[in-house]
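Below are the structure tokens for one structure; questions will follow.
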Amino acid sequence: MAASRMVADEFESKALTGNPLGDPAARNTWIYLPPGYDDSTERYPVIYLLAGFTGTGRTFLNQHPWEEDIQQRMDRLIETGQCRPMLLVMPDGFTRYGGSQYIDSDATGRYQQYLLEIVHRVDAGFRTRAGRAFRAIAGKSSGGFGAMTAAMDHPEVFGLVADHSGDKGFDKVYGEDLRRLPDVLAGIDVAAALADPYAFAPKSEPFMQLMGAAAMAAAYSPNRTSPLGFDWPVDPYTGEVRRRVWRRWLAHDPIHRLADRAESLRSLRFLYMDCGNRDEYSIHLGCRIMDRELTQLGIRHRYEEFNGGHRDTRHRYDVSFAALSAAMPG
Amino acid sequence: MAASRMVADEFESKALTGNPLGDPAARNTWIYLPPGYDDSTERYPVIYLLAGFTGTGRTFLNQHPWEEDIQQRMDRLIETGQCRPMLLVMPDGFTRYGGSQYIDSDATGRYQQYLLEIVHRVDAGFRTRAGRAFRAIAGKSSGGFGAMTAAMDHPEVFGLVADHSGDKGFDKVYGEDLRRLPDVLAGIDVAAALADPYAFAPKSEPFMQLMGAAAMAAAYSPNRTSPLGFDWPVDPYTGEVRRRVWRRWLAHDPIHRLADRAESLRSLRFLYMDCGNRDEYSIHLGCRIMDRELTQLGIRHRYEEFNGGHRDTRHRYDVSFAALSAAMPG
Amino acid sequence: MAASRMVADEFESKALTGNPLGDPAARNTWIYLPPGYDDSTERYPVIYLLAGFTGTGRTFLNQHPWEEDIQQRMDRLIETGQCRPMLLVMPDGFTRYGGSQYIDSDATGRYQQYLLEIVHRVDAGFRTRAGRAFRAIAGKSSGGFGAMTAAMDHPEVFGLVADHSGDKGFDKVYGEDLRRLPDVLAGIDVAAALADPYAFAPKSEPFMQLMGAAAMAAAYSPNRTSPLGFDWPVDPYTGEVRRRVWRRWLAHDPIHRLADRAESLRSLRFLYMDCGNRDEYSIHLGCRIMDRELTQLGIRHRYEEFNGGHRDTRHRYDVSFAALSAAMPG
Amino acid sequence: MAASRMVADEFESKALTGNPLGDPAARNTWIYLPPGYDDSTERYPVIYLLAGFTGTGRTFLNQHPWEEDIQQRMDRLIETGQCRPMLLVMPDGFTRYGGSQYIDSDATGRYQQYLLEIVHRVDAGFRTRAGRAFRAIAGKSSGGFGAMTAAMDHPEVFGLVADHSGDKGFDKVYGEDLRRLPDVLAGIDVAAALADPYAFAPKSEPFMQLMGAAAMAAAYSPNRTSPLGFDWPVDPYTGEVRRRVWRRWLAHDPIHRLADRAESLRSLRFLYMDCGNRDEYSIHLGCRIMDRELTQLGIRHRYEEFNGGHRDTRHRYDVSFAALSAAMPG
């Protein structure tokens, strides 16, 4: 039987053409084709897998010592029967600021639209089982947020979701970074860093904090009339919360959207969440709220809190991929 | 001329008798008597100096390498003419949880009342200039908060105030600790630590975080009907803000009290604030707001932001003591 | 002109067959073929590029945000004329303990021999300029050590060397880790971690410290009669240096080998070293000694100390690759 | 019965008069007089208690939250019968660099001589049991080193010793600081800091590291012909160990002195050592060696390794004081 293989599918995205940050519209989507794909005519389920902040689809191919890469992991899960043969599709949602949160924004581009574009292209170019019952979306951290958001917005496209440590409970996730923002802004050449983060050196802690804050502001509170293209949700000198801007952020918080999107989530075949019980961004606290609210709304789901933090959680894909596979029709 | 000396004045406080935590009502107040006090009949101005969280009046006598203690510092300031001869009065506002914030609370005791009791006793027992024009209150961190609060509440008693890095802008000061609170509560024997912090070992980081949160909750949101004697301002499992409780906290935030207490502050002879520009608790951000609001209200004050953080700021007493001295009547 | 491309050349190594740790003998060598390689008959110089501890050749392909991977970097250097078109050959010297230091050891395998095997294979399979004047060896950290060691041992093979932050001055580089070793050994299941580091979880700080110490001991002080296959250079309970073992380590320290290998180094066309001036392992101190000794021995070389530490130094390849290119015959 | 009290005994030391650093020769010794001292004619045993680096006798009076000071601790130990009524004598061995290690040095002064001077003065001025069987010396960290050294040098004076986490195994204790020394020296105004550490600001981490290294070098390798008054044991640019200087340091290492001073130690009534099993300076490793060597030499002693690090070990005085008390004649 033919071995699995990784394919880089590059195409010029319509959704990203002319995006405000001038980021490339032509990007690679990395696709895992399972063992046997090449010598069969079978059609396969698909998991769309979204990388976290600063990552891209290709990041899943990075080698870490003593660890499988995504291809080796999936090969093993399929070989041991934990997971049925499936495609993994890994998009590139990177922006000049480090990431798009996989949503549409006037400041960065139409990244959720781009996800849908990829779905159409994958269904057209590969032998997939093209219904929502066989199409899952998953991710970690910002990728978990993007997955949950896509499932809320487009349950007709994605019938299953796995959200690993995904941003939610924004007051906690972003609270510490926003508290520090005035100090960060005062200690770095903001204009230079935002204009060309590639050239900016060193990629210090303040640089990373600035990029994280800018990426979130560009995603959640774009403003074409602002010089930066977005609004900071806190005053850069006093740190005072700008309620009007902050409400725009909260409008993206999965917890805040839950009531409105209950029907979407209820329609899913499977909703999976997990988080480390010592998540550095307190995302486990947001998950606990979401878990409780889902239960109160009578929305079936599975929530697991594992022993650990926000990093080194790749082993959790073993759990979610198996669960997604099992939840698809027989 | 007689040298300066330190006096420990112990007395049984009426305000603290029968306090809810069972903390001692008999306490030492440490008093600095300036050079010449013992061989004159002169009367002297007084600065009431409040220690930060976990400190007491006696903490000012602690020796730190390469540094003056409070007596040596004051001797030098007087000798060099930066400060006129004055008394320093250093009360003990400690509680079983590490500190009272120097306010009255059903959960800890009547600590602001205790401050007033000390003022009466000092004026009776020492040769002070007993008017508000010669009576300042000062402190650092929780002590700065206590000083500012006392000046807001009793401008008829304290005519001058110096607030060093004092708690204000509560969402920032306490934000990170409250975000972490569910993790802290889950990882420590809360009942044992609160019942006998003296015996609790080790005095680990989580212990210190628990004590800090408990002390603030006991000060700001006491509740006699609660088993702990106070309410946590966040849900211990999800970290969700309990708005009703949090509003009780905010009612103590100097920034929130400012409009109501504008007349008090306007009546002061002198209002001094300073803070490090990298304060780990972002107290400089609160100070910037307070500075702006004071200006908008037309309240004369002096605000200095110095290069540094929340710790090792004792050298700032040189600035504030001199300024308080200069602001008293000639 | 054909674009550059990356080739994974897998072959079963004779040198590694039957290696003591049971690590695979069949491995990928990653090879960068420059633009134009595929549509010419030209022969090209080669830089052998060795990854640091826990890395492999493939690690150079990892994606880091806002950064080029090795292919993009080399493309740019060639396109801008900073570097002539060359091959990059990136071997895999990984072992079960995280790395071989690219030397022959009874405890791990014949990894320097493996490097030479790769050279033969590359010269046979690719259009290289096969003389030493066109064959450089380079690397960072453990890879810098491996490069310098290979140049000392086989100057007839490698005519140029670039050592970035390479281990030297072993008392400093390894001093802190060995001081901590008794505590590490007391706090982890050593047998389990060494037997199957892949399965060991979590990959905590103590795990990484154990692996680092074990990898170095396996490289420098193998001992077939010891249960572990190697000797610790310090007593596991008291940390006392075992001089007999430690001398075996020092025999590999480039500084200690310098006098003996002076002729080898003198025969090189080019010897390049650099290091950050705040290297966390104090490798800059070893470099300063080496720089002085090379000068005293009249060995031409170039040493640069740049502003930075041990991490995030990939930008230094721009400097060394250009210098290696310029130092090759016209 | 009269309560215990603390006495500050200031006198002009002959040993310290004209000391090379110009530090004061007139200093306070703090003395604890046990309950009942003032209304009896009894004579009492004495424990000389030496503070750690940067501390003085007075530091034992510092107040730490939720903790006894030395007077309260001793009162309790006596009241509960764990310890017989005794004097505690707490000398001031501070120097401009932070501490003298309580030894005689051409660079700092005759601080061991000063200890003996204090013994004579205490025996003359207070009702002590003046024989060595009733005279113990104890301390923590640098104070533990000073105590052990005094017991080795003057067993005719001190018949019992308690060494808490005392410097020994110098390659480990000082190894990391000396490795960092070139970086520290390169990053601070050394001349300014050494000339007037009191004025130097801020008292940053590099300042503290410089002071620690300078204090040890001044104690162990004084050199009147050097501009600094002492020799660094490592080259300030390369970190290379200067063996001639380092041997002078090692001559003070209790482990290295052990064989020579075996008779002194064998003559002691009681020799106590303890250390935390996670001591940040690896002093537990030195203690393990010392424990083994003492056993091999047949020298009776007690060694305890407790769960903890180098800090917050005051609770260990409960153990050592009780043991010293029990080991004195009935």
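Note that the chains are named A, B, C and D in the order they appear, and that numbering of residues resets to 1 at the start of each chain.
We take it that a residue touches a chain if its C-beta (ideal position, glycine included) is under 8 Å from a C-beta of that chain, and two chains touch if they have at least 3 such contacts.
Quick caveat: nothing in here was measured; it's all calculated off a predicted structure.
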item: Chain separated most widely from chain A, comparing mean CA positions; value: D
item: Distance between chain centroids, defined by C-alpha means - chain B, chain D (Å); value: 36
item: Distance from the mean Cα position of chain D to that of chain C, given in whole angstrom; value: 46
item: Distance from chain D to chain A - Cα centre to Cα centre, in angstrom; value: 58
item: Interchain contacts, given as pairs of chains that touch; value: A-B, A-C, B-D, C-D
item: Interface residues, chain C side, partner chain A - complex; value: 54-56, 58-59, 61-63, 65-67, 94, 98, 197-198, 200-203, 308, 312, 315
item: Contact footprint of chain B on chain A as seen in their complex; value: 169, 171-172, 175-176, 179-180, 182-183, 186, 237-241, 277-278, 282, 285, 288-289, 292
